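The following pair of complexes shares a single chain, chain A, combined with chain B in the former and chain C in the latter.
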Partner chain A sequence: MADRAVSEEASMAGHATKLASIPASDNTVWADASPLLEAACRGLRDGELIHGDNFNLFAAMSALEIMDPKMDSGIVCRYYSIEEAIENGAAPIPISLESTIDVQCTIDIMDHLLACEAAWHKGHSLAQTVFSCIYLLRLDRTASHALLHSYCRVIRTTCKAVVSVVSDARTHEEEDLFTMTYGLPLNGDGDEKCLSMLNAVEETISRQLRACKATSSKRRVSEDLEPLQSNTNLEEGLCKALLCRLRFRKHFFHVLTCMKRPQGRGLELARKHIASCILELESILKSAEFLRFCSDEFCEDDIEDKTTASGREPIGFDATLNSRLSAPTPPRAIKILSWKKAVEYFVKLLHDLDVMCSYSLDPHLESLLRFVVQFQKSQPDLVARAHLQLLLVQDGKLYGRDPIFAVITKAAALPEATKNHDIQKNEYIVQLGQLVVNLLKILCTNVAWQRRKLGKILQDWRVIYVQLELAFRNEFGEVSSSSNAENICMKIFQHILIWVEEQTYWIACRFLILGFELDLYSASEYCMVYWYLYAVLIKLAEKTHLKTAFSYDTAKRKGKKKRDSPKDLARESRIPPAVLFLQCYICLAEGLTMMLAALRNEIMVLQSPSPFNTEQEKFVQHFELLQRACIPDHVSYPSFKESTTQARFSTLVMYNYFKDAQRIAKEVKSSFSNDPDRLAELRRLEQVAEHNSVALNLICRVGALDPSLKVSFEFSHHPFFATAIVRRS
Partner chain B sequence: MEASSEEKEEKAEFEEAEIEYVSYGGEHHLPLIMSLVDQELSEPYSIFTYRYFVYLWPQLSFLAFHNGKCVGTVVCKMGEHRNTFRGYIAMLVVIKPYRGRGIATELVTRSIKMMMESGCEEVTLEAEVTNKGALALYGRLGFIRAKRLFHYYLNGVDAFRLKLLFPRQELHPSLPMSTNVYAVHENNDLDTT
Partner chain C sequence: MEQEVGESLIQLGSLGDPNSSSSDPVTRVRKLLFRRMLVGIKDGRFFLGTFHCIDKQGNIILQDSIEYRSTRHSTPSPMEQRCLGLILIPFSCRTSCHVDCSINEQLSLLKV
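This part shows the complex of A and B:
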């Protein structure tokens, strides 16, 4: 029916001109459908909707309003196609016939590309950022302009390498927009030679720089070399500005290549290139003053938002040309990062990569977990995190080097030889290995997504524990066997079981703690969170202690020593430092729980009466994933109420948990004298304990019911243990 | 998307009792809702988006009028989601001169009450982590911040998924009916700011 209507319309006068303006191709003939649409509109009343099998109200929400620039990605903003843009001089080659301007504009393009690249890394699509550059979209055109050509090639190759890293590390939707390269010319012949091209250009400019310096000191240089551009006053500054930009790209590409080498073999070399990158970025920043100065269009406007060092708008960019390629989302105007912010981004990225490259690739899982947690505190972006994940997990092995079963046996404090044991073929042990790999990958994702995932995997860790325990019982029953081989098997199982529990509680702790860092808890919920954290920490400490005790036991049974030396006995009876560390946490968690509970019980503060639900619903929601996995057992809202309804300041001051925390922190410091991170943490814990102890005493002295007393909780000394701030109004 | 309620110049003068709350009544309300939302939010919603909500769940959308002028609106839906019957607050807007007086709270409260009476087990929405006003409003109503959504909005801002879980009758045998829980608090001043 539509065809008939269209052909009717097509025969009407006045449409011939409209049709002629849109070129027909082999398979398309254009016809003006406006009259048809108008008739359809007249046939519908307000509020009526066309129904279809696949077009209901829900589907209708995805409808686009044609010609609405926010929704219609086919809208022609300026140019219909890249070719039309080029024909209209949007990306001239050379950029200017005047060599000085050509060089200055080339630098602007380089700067804007850096800003685009940073915007891409930060979460926008490649199509709207780096590939808004017309020169990049038609790279072959630039062949006659060696500088622009080699630079663009390196950009393209770098982007491809980064897309590859992020794709390989793919865990979830965060990477989707980043890796979308559909329709973009990311592959080019000869791209692997891009560095040699860049080197050639760098070499030429270096010689030009030497030549202009020689001329200025009145020494003749017998070189048949043309200067970079025609203005002798600007030659040195422009050469230097170009060189640091070219060198940065070269070193950055090397960083990526080195870090890609398996088993961390290229990390040391990567560090050298990172250092060079940072030096070149410093030079790039310094070049800004000169570039602004020699720009004809010097403007008073705020330079902070500009995407180039010179402050000029770059030539050759149009983000709308790709709008049809960057589907499925309609194009939104995105803000490219300012040039300054882009440089800052790359400096941070390089620092994050440097931290990774300096890591000792410790085979101990416990140390690795602490490293990753510490690393995440600097809030690394996607590209950094993807690199971390690929460093940690390659070919299903830790650092591409250590088989996961070996990692587990080490973590479970089993003797070195255990890593070859046949038990690794057990299906549950294999599954456990997969859980470990999965955990490492999760720990490299952004913390918001990470927390949700950590909550979900608790169930998996609980299940594997149950399955392993069942397998263990089936193998060995209740009676201990006399066979040596079976004894070893039993030992392995026991160690692994304890370690699995320990690891599960560690995950649960992380889940609760991240809630503070992500600001998921309101002050009226702190009490229940600290209480739950306290319950989980107790179990974690218990399992850690058990594991250590077991390992001494196993070492003894292995029997290198015939007799226990006094030192051994003393070591056994002492609480291991790792456990003491946890006990410090436990005291703080308990102290905060009780103080918050007392505040609520006595002063009725931090209550949040809601018209629609009670505290119980909030408890159920916050801890749903933990409860479902029974972590820990016998923990519920009624038991929370039971533990806290009797809290009063009069009793708290007598059983001062904060004083206990202070004492333990002080005691355990000497055991961590070689560990600056843990020492720093202990100092922070001492601060929290001290301030809360003082607050507690103040509240008791003044009297909890004094109306002038205002108590609030802030994270001034520690990211997840709050400090009570007491104010008198 | 939520409209934030910060302190503003040009406050309208009115008594809370002067505000008239009306349930969505038909096509004549649609342009009022659309113009309020379009003016406050940057997302381009087509008319179909509005129709989807108000046609399928007219009882969940409310408008606030002052002297015949529409000053606020809330648009919601509800349905089955992974074995839970759940309400969703899609849009909430109060025009600037009328903010900070409890109108948004009242609009949302009416909608939530309707959801509760319709058998919803929970209510959810997303809000920017920087939208202090919305977070405080929903916090007072019993929502928790269930999840943080990384870079949820196009400007790179994260969002919180806010969730309100209604009490389940079997857990509270001693409590009055859930609708009466609301009634008990009706006399209290819910808007303490």
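This part shows the complex of A and C:
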């Protein structure tokens, strides 16, 4: 109320002067039009408007309504400006004249800043989170307060580093608020010195801590070192609370700079700092009890929501001060993460970064793709994903180290020597390299965005395949001339063509599987999804097999002269483990398709009950992007109908796909004995197969007789292969 | 000088001859369309833009408007400005309204 009165008074007093400061044009003056407008309004009929020829009611509806709290970000809140807020004591320095309170308040500010930083990482704007701190907005003011100054400075430098990683990676299309720094004082002089400042402050406090420990034990007063604050009982606890907070910032900043080093050279060092960060976070969590104990406003129950360890409100924050920076409309109100949640967030972030740092930078694309998919399963947040992307693709090379063509030849199972072949200058091969880079970047984005993008790039992969094939035919159309050089070219083309197809089906698979992770399919649609997944997997296995056979073929031809043992022949006839692995998937997908189809055909469950879409429309909605890219060829809604309408339990029992899956999973395990991830996956597949096999037998035995049988599907054993649950109601 | 002109426009508003169509306030306001208009509101801000529309309730729409805002409660203080585009200023928060007029033009309007 008082504020409003003040502002109204100000507006009256200030009118004349302000009018003078806003100039009219040359030779013109401001003339008061209020009475004329008033008279005109009286003369208007209801609903009548005075407007020009260019007036458009629809366009006028989009006008920003002044003084509407949801539309007008300029409404004068408490203060007109940061300077005014500071003059009114909103962010005092020192925070308190009493040294104990000053230190406690500093810790509160540190904690709230951490919560703000986490909220920023989680997708809110920098202006509403970290830069709601008035001290950060005017960093130079804090120069006399070494503790606060060093902390604020390292926060600012860290924010800058994170912004640059995320904006370089450009994985944030969906999270574009993140890099908006317009109007914020993110850049300042002397930020390169932030670590030395932080170290100096840390050194002082650790000496103070040592001093207070010495005095308490040996009753010896240390000279020439002032204590941190005046209350000797709190000295040790406060020193410790500050130290872990400062050290966390120091190590976190090191983590970021190490991870930025080219070609993953800083990853090992980064891991050490990550470990230190996690230790400091533990100490920070432990300090909460002491800080809450010191706090006067001790309150146990709502501590969970507080943004500080002590539970007090921090001094010096006001998000309304820069609400006008980003857009004419005010930003939506946000809730800053609680301090506990913020610490949890940083622990998770550090774990994610640690997983990334411990990765071996494998030059095999296949294992890299598996790593990225596995990494995404832990749902890393934007900052971790951006770091991963920057690690994978630097200067257009894999890890900034391996040229993409070399990566492709390796993936296509070509001999090592081909990576320097001139064919890499072929424009389509260059384009293909670009597609690989794009694929890697897309795989680092958030899951929803990733799925959409993967669906869209399928067509590019299809097109590049056709173009490569054409180029191949043009060059080797007549096979008459077969000099050795051309022979190598031909081989490279053949290998790459097969690999492009394999990779395309891999993308299609991932696209379909991500639909489960995103909950895009309803139970009535599982049948068609598994059917489509089955069709894609068959193709994928086929191409993988072809590729391995091809590479074996070339390898064999090379070594033929040396030895021709019967062992080699035996190995040739064996199906490679990677293909067997896929076959396990295929059996499960086919088994689920048929079981779902039989359920629908015979017991009339899981039929599509939606009054809004026909089954065919749903088919189109789910697989449009695949269909458009002809993945796989000749797959359509009629072919889906054709292959599922005949499904009956009587035939399913005779040929149980789940039994096959179980058998293959058991067999192939030995081939992956040193790959714990894939072993775990095989175990999951085995479980799904076993459960479904039992369920299938049960339904077959009693299904037709017992109409009260209820069948539902759950993802309790595997993220995208459902397990049937049979109940009697 | 400024204030004098301001006063004269008040007269222009109130002394119009109701019989003459050209002196009808609605017609005269229509002539102000597309002119630069400066509107002050309760919280002390000013908006400068092209006069686009007004309704019976006195709500004004300005085009290509700029917001002026002082940086302190105390006057005089430096002004901050930013572009807002198309805005609607409700009658309830309007405290002043000025149009950009040349002196000659105003005299001619007065003569009518």
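A few comments on the model shown:
By definition in this document, the second predicted complex is superposed on the first by the 643 of 729 C-alpha atoms of A that agree within 3 Å, B and C clash if a C-alpha of one lies under 4 Å from a C-alpha of the other, contacts with A are read in each partner's own complex, and residues count from 1 in each chain.
Note that a contact is a pair of C-beta atoms (placed from the backbone, for glycine too) under 8 Å apart; a residue touches a chain by one contact, two chains touch by 3 or more.
As the structure is a computational prediction, the values presented were derived from the model and not from experiment.
Looking at the shared chain after the overlay, A:65 reaches both chain B and chain C.
Once the two complexes are overlaid on the shared chain, A:35 sits against chain C while remaining clear of chain B. Using the contact criterion defined above for the overlaid structures, shared-chain residue A:97 touches neither chain B nor chain C, since it reaches no partner. In the superposed model, A:446 makes contact with chain B only, not with chain C.
Of the two partner chains placed by the overlay, only chain C lies in contact with A:27; chain B stays clear of it.
Once the two complexes are overlaid on the shared chain, A:47 sits against chain B and chain C alike. Applying the stated contact rule after C-alpha superposition, one finds that A:84 touches chain C and leaves chain B untouched. Of the two partner chains placed by superposition, only chain B is touched by A:525; chain C is not.
Touched residues of chain A were counted for both chain B and chain C, and C has more of them.
Touched by chain B in one complex and by chain C in the other are residues 46-47, 49, 60, 63-65 of chain A. Chain A meets chain B in the complex at residues 46-47, 49, 57-58, 60-61, 63-65, 68, 70-71, 122-123, 174, 332, 334, 446, 448-449, 451-452, 518-522, 525, 608-614, 616-618, 620-622.
Within the complex formed with chain A, the chain C residues making contact are 1-2, 5-10, 12-14, 16, 24-26, 28-30, 32-34, 36-38, 40-48, 52-58, 60-61, 67-77, 79-80, 82, 84-90, 92-93, 95-103, 106. Interface of chain A with chain C (complex): residues 6-8, 10-15, 17-22, 24-25, 27-52, 55, 59-60, 62-67, 74-76, 80-81, 83-84, 324, 328. The touching residues of chain B, counted against chain A in their complex, run 27, 30, 44, 46, 48-49, 51-52, 55-56, 109, 112, 116, 129, 139-142, 144-151, 154, 156, 158, 160, 163-167, 171-172, 178, 181-182, 185-186, 188, 190.
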